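Chain lettering (A, B, C, D and E) follows the sequence in which the chains are written, and residue indices restart at 1 in each chain.
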Amino acid sequence: MIWILDITMLFFLVVCAIAAISIKDLLSAIIILSAYSLIMAIVWVEMHSVDVGFTEAAVGAGITTVLFIATLARTEGRSED
Amino acid sequence: MKTLALFVVVITGAMLIYAGQDLPAFGDINSPSYQAPMTQYFIENSETESGVTNIVTALLASYRGYDTLGETAVIFTAGMAVMLLLRRRER
Amino acid sequence: MSRIQESVIIRTVVRIMVPFIQLFALYVIMHGASGPGGGFQGGVIFGAAIILYAMIYGIAEGKRKMSDALDKILASTGLTIFAATGLACIVCGGMFLQYNAVPLLPDPALVSKYLIDLVEIGIGITVLAVMISLFFDISPPESESEEVEE
Amino acid sequence: MSGIIDVVYAEYNYWIYVTLMMIGFYAMIAKKNLIKKIIGANIFQTAIFLFYISLADVTGGTAPILVGGHGGEHAEHVEHAAEVIYTNPVPHCLILTAIVVAVSTTAVALALIIRIYNEYGSIEEDVILAARRELQPEFSEHARQKGVAEVGEQ
Amino acid sequence: MTGFELIATHLPVLAVVVPLIAGFLTPIVGWIDRRLPWYWVMLAMFVVLLIAGSNLATVINSGTIHYKLGGWDPPFGIEYVIDLLNGFVCLIIAFIGLMVSIYSLESVKKEVPGKTTQFYSVFLLLITGLMGMTITGDIFNFYVFLEISSLTAYALIAMGDRGDGVVASFNYLIMGTVAASFILLGIGYLYAVTGTLNMADMQSILPSIYENRVVLAALAFFMVGFSIKVGLFPLHAWLPDAYTHAPSTASALIAGLMTKVGVYAMIRFMFGVFTPAFVIDVNMTEILTWAAALAIIVGSVLAIAQSDIKRMLAYSSISQIGYILLGVGLVNVIGMQGGLLHILNHSLMKCALFLVAGAIFYRTGIRNLYQFKGLGKKMPVTTTVFLVAALSMIGVPGTVGFTSKWYLALGSIEADQWIFVAVILVSSLLNIVYFWRIFDNIWFGHPHEIEQIKRDEAPLTMLIPMVILAILCVFFGFFSCYPIEYIFEPLAKALLGLGGAP
């Protein structure tokens, strides 16, 4: 475990999480959520959990994002808060 | 609403941190979950018993295969639920 | 039909990529026993290949490749494979999902290995079918006639 | 030095999980936008998964995939297993299942959001509430008063 | 080994696998013929009922059943454990499921037109989830099935009244996700300090580390999570809307079963994962009883204020859940018996009441209870069922409701908590108040609202299950000694650790 890398990653996770819930443009929020999932996947692989990291990269950063964006296309793209 | 939410969140967070002091340290090889008979058994026997080198796969499909059946059922349920919600009606 | 969907480069690249992604997905499913991967991840990747195709060539074209009826049948089939494996173990005198009770090969560990592969394939089929159906259901309908009523 | 880092590091990790969980939890409760709520739910669940995965990690461990070829000569591999430290595979297995559950919940939630938008033309909670109030102009209240009036007549 | 013996050994797992397989084969069955799914569901539910009955009989005759899934020994693999508690809850699930599935034919055709196949598929998956939650002896497996039942419930609720149903379902989804996440976090905490996932194993390890704060936090997370799931008073916000706006079939199923299984899970976690001594020691039971008492009063008072019959029943559900948890929280044998008997009582009568509400809605399109005038002449059988079930809820002697409230009151007296006796009495009076309004309208009101009064009874498929449920309410009122003797008394003693194998 490379602790400097790990600490940086975890810090980025918090930044991404705060950004994802506070940005008003929903498309950006979803892309940030996707980045959050990807960083999470990297953190997990770094914690020697390759299977879970793989799954999160495929599901959290892939399918979930696609579904979110498809939903946005059918609803509206801006949020009041 | 926002203040209430903040209040609930702070209380929950405080509880988590209060409880977290007693959790085993990060990466500790002597933690109860690692030293438990279950973990050791899986690491030692999974290959001889299920013929698979990836312990996680052995766990997922064999030892806890029933969980995985449930998981697949969850996926199927989600598919059915979304179909029920968004498909047009059959005529 | 957006500009991206009309781009020849993207259409060609996607057409070339999709089989490779599917091949990779099959590799991931079958490789789950000895490395990272497994039915779920492979199924998602396989589904993603078809989703990519449908995104570029349009939902209607995607549905030509993967019709609703086929989707439903595949989703049920995958789970049936899984549950049938479990029930087969019962018939052979073991507990539910006790793979090594099936007297297929002399070495119970090897039977277990092959049945785990079979189960992973079952999971993969269900997951890919459901992922595609989720995308088709959630993505915006292309024509007014397909709009959800209610 | 490394001892201090370990202590700080362990605490730091835990604080981060709690922070992430609480960010997600807060978004689920306080945000008015329905998609934001689901984003919050995703963050909350992923943070819990992170907690599980970090439980599994062992200093100096390696991924729980047995070292050395594939099946056949089992005895040899058991020996291998004794030398190498593997991380705990159990939480990995649990979280694989939980991730699937999380994506299923998200899909159902998004389908519900689409239906809500089709009905009310908005994905903001307060707009929907206002629209619901307008659609049912105190139907039940009115009917009850009417009913009470009739009981009074008898 | 003959085929019959072979099946008999595997009954515990078949109770879950049969509805699961039936559930995912339903799309194919419906693809063959649009009308088949109803018969298919009935067949599946009938088989499940037989399995559940046979399981309970085995437990009563020869003790707890252990079933090792995959043949792995308990802490390593997943284990199914059927004792009196979950054997009995399973039987209720299977029975109510069968009744609702019989009832569903006409109602689903009208309320969910054109989607019956998917509806029945989801219906069976809901039964699977509830069954799996109940039978399992493994806490993570519990979580997986909890999610199956939650997802199906969201889908079923959303099929109800156009916009309202969807919004109610979304609110439930948010609360349910919070609850499930809390439960997952609690499971993680317990796993971190014990290294096992098996309930029995965990119960044997936990006493040595009770001073660990992690254990206390895990208990708190479980209790909050389950309180949301069962709709205990301060956390009930999702419940009234969800019950009101769901299709009547789904309301009956969810009101009759979901919360009961939640209560079961609460009991199981309090007494089957943690120990009674610990739960009492950290005052969790006392908090529970006071919350339950509050729920009883507030639920009853709010029910009076409602004019929509389904919403009224939903609020009364909140108060009835309070009764069950009051009995459980008293932690004495009599109170516990009362609480457990009330699970039976509440599933029977609340299911019957929601079925009646659905039948009335099906025939007249009315849900406002001030417009029910003259209904007694129009739908005599349906309204009689309503009368019986309502009397059982009030607790009139001769119905099962009386017995359970009697035990609850005795339990409160034994615990020296006279205030709870008062709570039970006051709540019963409030029950009379809100049901009296409906009786008054149905039998004594002038039929302005329902124009031409002629007998227009609900279809036979709707009547049969309602009548059976009403008969059972009375039957158990007179013969409650048998279930008490064979199930509830040994069960209550075993749960509280007062001798006798569980």
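Going forward, a contact is a pair of C-beta atoms (placed from the backbone, for glycine too) under 8 Å apart; a residue touches a chain by one contact, two chains touch by 3 or more.
Computed from a predicted structure; not experimentally measured.
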Least step count from chain C to chain E, where 1 means the two chains touch: 1
Provide the labels of all chains in contact with chain C and in contact with chain D. A, B, E
Looking at Cα centroids only, farthest away from chain C lies chain E
Nearest whole angstrom, what separates the Cα centre of chain B from the Cα centre of chain D? 11
State, to the nearest whole Å, the distance from the C-alpha centre of chain B to the C-alpha centre of chain C. 22
Can you list the residues of chain B that touch 2 or more other chains? 16, 20, 23-24, 27, 31, 33-34, 38-39, 42, 47-48, 51-54, 56-57, 60, 62, 64-71, 73-78, 81-83, 85-87, 89
In chain A, what residues contact two or more other chains? 1, 50-51, 55, 59, 63, 67, 70-71, 74
Could you list the positions in chain E whose residues touch two or more of the other chains? 20, 24, 27, 69-70, 140, 144, 147, 151, 154-155, 158, 162, 166, 191-192, 197
What does chain C use to touch chain A in their complex? 36-38, 40-41, 44-45, 47-48, 51, 131, 134-135, 138-140
Complex contacts: residues of chain D adjacent to chain C: 63, 65, 70-71, 74, 96, 100, 107, 110-111, 114-115, 118-119
Quick one: in the complex, what on chain C touches chain E? 69, 72-73, 75-76, 79-80, 83, 86-87, 90-91, 93-101, 150
Where on chain B is chain C touching in the complex? 47-54, 57-58, 60-62, 65-66, 68-69, 71-73, 75-76, 78-79, 82-83, 85-89
What does chain D use to touch chain A in their complex? 5, 9, 12-13, 16, 19-20, 23-24, 26-27, 31-33, 35-36, 38-40, 42-43, 46, 49-50, 53-54, 56-57, 59, 61-65, 87, 91-92, 95-96, 99-100, 103, 106-107, 110, 113-114, 117, 122-124
